[in-house]
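Some structures are shown below for you to check.
Below are two complexes that have chain A in common, paired first with chain B and then with chain C.
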Partner chain A sequence: MRIILSGIIVVLTLLLLPQVAHAMHITEGILPPKWAIFWVVMIMPFVVVGTLKLKKNKKEVPGFLPLVGLVGAAVFVFSCFPIPVVGLNGMATAHPAGTGMSAMLLGPFVSVVIAGIALFIQALFLAHGGLTTLGVNIFSMGVLGSFSGYFAFRIVQRMGLRLFWCGFAAGVVSDLFTYMGTSIGLGLLVFEGGESLPIAIMHSAKAMLEIFVVFIATSQGPLCVAEGIVVGFAISYVYKVRPGILQSLKVVKV
Partner chain B sequence: MEILKHVVMDHFAHRNNWLTNIEVRVKLFYIGIGLLLNILSNGIIIPLVFLVTSLILLKTIKISFLNLGLRMIVPLFFGVFIMLIMGLHKGETVMLSGSFLGYELALKKEGLLIGLLLFTKMVGGVMLLLLLSFTTTISKICMAARWMKIPETIIEVLSFVYRYLFLLIEETETMMSSQKSRLGYVTWFKTIKSFGNLGGVLLIRSIVRAENVHTAMTSRGYNGGRVLTIHLTPLVKNDYAILLSCGVLLAFLSYFGFFVYS
Partner chain C sequence: MLKYFIVFVLTLCLIQAHALYATEANNTINGIEDKETIESENGKWTGIDVSIVGKYAEKYGHPPKDPYINTDQGDLLLFVFTVFGLIGGIIIGYNFRKLFIEGKGKSNSGT
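Moving on to the complex of A and B:
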């Protein structure tokens, strides 16, 4: 029996993880109503502030909305780059989150809105994620991914390191936090109201940790590093070829 | 990237058939109610009903199983993953147990049943979403969103993202082909570096294009207002009939206890 279970787990791990890694967004129908509402409430302040910032900039800077839209489209395409996973060489590719990049260029609040729009399009046209799970997916990719990526970028920049390393930090940290958010969302599914609160929290925390460790130990760990390097190269390339773009977006100082 | 372009494109929604001709607000109401019922259901019947009805509806407009299958691959694997998580973390009756790298694991019956329910809800929900995406264009969804008082700014950004997405995908493919012909993807590190440069070029092009687009739009009278030009038609008798039947169905199913808050 033990051998059978171990075999099933190994086979499923090898088959499932590369596929699940393609879209680490929680799929439609998975969340019960209470969690769907909880996550929408959690993201609402960030979406509202992001929208207000967009409105303000739209009034002050002519052409700001086309800029946000096109950078959003570019980040969407960037998030579809099929990066080969080192540990599963040739077997699987994984996709970067892209929120680190958008947060770095447009700021974390606007990046939350961009992530929300990207997730909406993905849910409808790629069946990655969903509408009732939009809240949790925006929380993990939009809120956690954008803010962690933005602050990682700024902290490394203040440390005086080269732009490549700032981009690298933004890519790695935003990816890690995105997957942490997804693990939290999935881990809370095992939370049972019938149990006493400390035990229920312990069960959920155990599930979250296991999901996070499994993903990081397999495809997502190497992907984080790969996304960091890609973002680092991309931002360095823009600085080398058109430094004015990064200066006008206030990514680097003049 | 090629598959992405094929899958993302909403050319199915641009076709002229009885499902694409249904008013967008009615479709959104049906899908919204459907998704709500789907996550509220306490058994596998409701999600399976949505799965079967959506499949039948999509087959009436000749959507192939291949197209549906392409979109269902990732959700299906995700569903199996969720079943495993539930099986390992919920319930008491152990069906299979063992250790993996020294870690004790046990698959439990009750957890697997909950996982199966979630799996069917996932399949039912995704099919409902596909029903919407195969029959409704983003422009129509944007118009309905405006009618629902979603902030104009968000709708504008969504329109811009969707409008330029395919153009950027095409440009990326062209650049990738050139990089491949110059052996840009022969080793892992070269691949990563090529992707980095590609990302950089993509950003530069998108920002330069944004400036050009704004100049062109300003010259055509754009002053920061609406970017969509299509309008919603008023609701007619048939639309109200569908709306009413959705309401009656909801009342009927909840009366017979098909839904539970969990």
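Moving on to the complex of A and C:
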């Protein structure tokens, strides 16, 4: 118990160290207007449903709002916390997503809203991401990260593994899918032009795969495991200290 | 009202005095070449949005541009990160205490 608490305190302390982060977010100006609009349209339904679910759960689930505050701030800090990794040209920094944890605790739709708010603040004030690329960043970190993490958690839970491993799976899978989303966003940039549809699709798919392999081979391979461990410990801690929260949120069965 | 006015005037004087000292200090260091001692941009520890995302975007003909509100100027970005890190830390700490310290032992409800 003390070890878990100490671990969480160390992680939070490290998270709160002020650092300048540059990582997976697609930067301002990269997307042409048509793709920027496309991604905003793609994420809109998730944001609307997420907002409605947030309102509903706030009334129905006791302790939901402090948990949203806690997890929301954690996602914000997680997603701008640079971790040293091996990059393309030597040492670089990358950051975890945190949406696996929020999706597991609050549900995937609410997690999309939380990711959206975090990314909006980062784009506005921290020169991290961008306003025109907000749609694709919410899609990758919010939609893909949250839903993949949530389903990974549920699948591993059904397999009957311990709660730590359920959280671990959520953390690892959500991180990988977040970077897959970034690869999709970047890969679609080669989709334009006068090529025929099958060739354009093939070129895009090739670009996406190449970018994703570079991500995994360099930064996100070890980083996703680290995120999985943190999420695993976090969910285990919540279960030990306040199992009632997880029960009322239907994360674990009574 | 007068009290606030005096405080305002005193603050203004203080700021102006600081500006005077700063100008004077600036005059004394004029002509000395400033040198960047930390290599960060395009060097070691560059974020992967520059080393991977930025490079691919440039390769595909869509190079990144400066943010609309560009806080990436000198130490301003460090300041903004510190402020938001602090705010995030306070929110995490407050809700953590509320949920896991004050609410410890309550197993049947969330609060």
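For the reader, a short list of remarks on this structure follows.
We take it that the second predicted complex is superposed on the first by the 203 of 254 C-alpha atoms of A that agree within 3 Å, B and C clash if a C-alpha of one lies under 4 Å from a C-alpha of the other, contacts with A are read in each partner's own complex, and residues count from 1 in each chain.
Just so we're on the same page, a contact is a pair of C-beta atoms (placed from the backbone, for glycine too) under 8 Å apart; a residue touches a chain by one contact, two chains touch by 3 or more.
Please read these numbers as outputs of a predicted model, since none were measured by experiment.
After overlaying the two complexes on the shared chain, residue contacts for A:101 are found with chain B alone; chain C is out of touch.
By the touch criterion defined above, A:203 lies against chain B but remains apart from chain C after alignment on the C-alpha atoms of chain A. Contacts of A:36 after superposition on the shared chain: chain B is touched, whereas chain C is not.
In the superposition on chain A, contact of A:159 is made with neither chain B nor chain C. One of chain B and chain C touches more residues of chain A, and that partner is B.
In the superposed model, A:117 makes contact with chain B only, not with chain C. By the touch criterion defined above, A:70 lies against chain B and chain C together after alignment on the C-alpha atoms of chain A.
In the superposition on chain A, contact is made by A:61 with chain C only, not with chain B.
Judged by the touch definition given at the top, the superposed model places A:44 against neither chain B nor chain C. By the document's definition of touching, of the two partners only chain C reaches A:243; chain B does not. Within chain A, the residues touched by chain B in the first complex and by chain C in the second are 12, 16, 19-20, 22-23, 26-32, 62-63, 66-67, 69-70, 72-74, 76-77, 80, 82, 84, 89, 121, 123-127, 130-131, 186, 189-190, 207, 211, 238, 241-242, 245.
Contact residues on chain C toward chain A in their complex (touch as defined above): 44-57, 60-72, 77-78, 80-82, 84-89, 91-92, 94-96, 98-100, 103-104, 106-111. Chain contact summary for the complex, chain A toward chain C: residues 12, 16-32, 61-64, 66-67, 69-70, 72-74, 76-77, 80, 82, 84-85, 87-94, 121, 123-127, 130-131, 182, 186, 189-190, 207, 211, 214-215, 218-219, 238, 241-245, 248-249. Those residues of chain A lying in contact with chain B across their complex are 1-6, 8-10, 12, 15-16, 19-20, 22-23, 26-34, 36, 51, 54-55, 58-59, 62-63, 65-74, 76-78, 80-84, 86, 89, 101, 105, 113-114, 117-118, 120-121, 123-128, 130-132, 186, 189-190, 192, 203, 206-207, 211, 226, 229-238, 241-242, 245.
Those residues of chain B that touch chain A in the shared complex are 1, 4, 7-10, 35-36, 38-40, 47, 71-75, 77-82, 84-86, 89-90, 96-100, 105, 107, 118, 121-126, 128-130, 132-133, 138, 141, 151, 153-154, 156-165, 168-169, 172, 188, 191-193, 195-207, 209-211, 213-215, 217-218, 224, 261-262.
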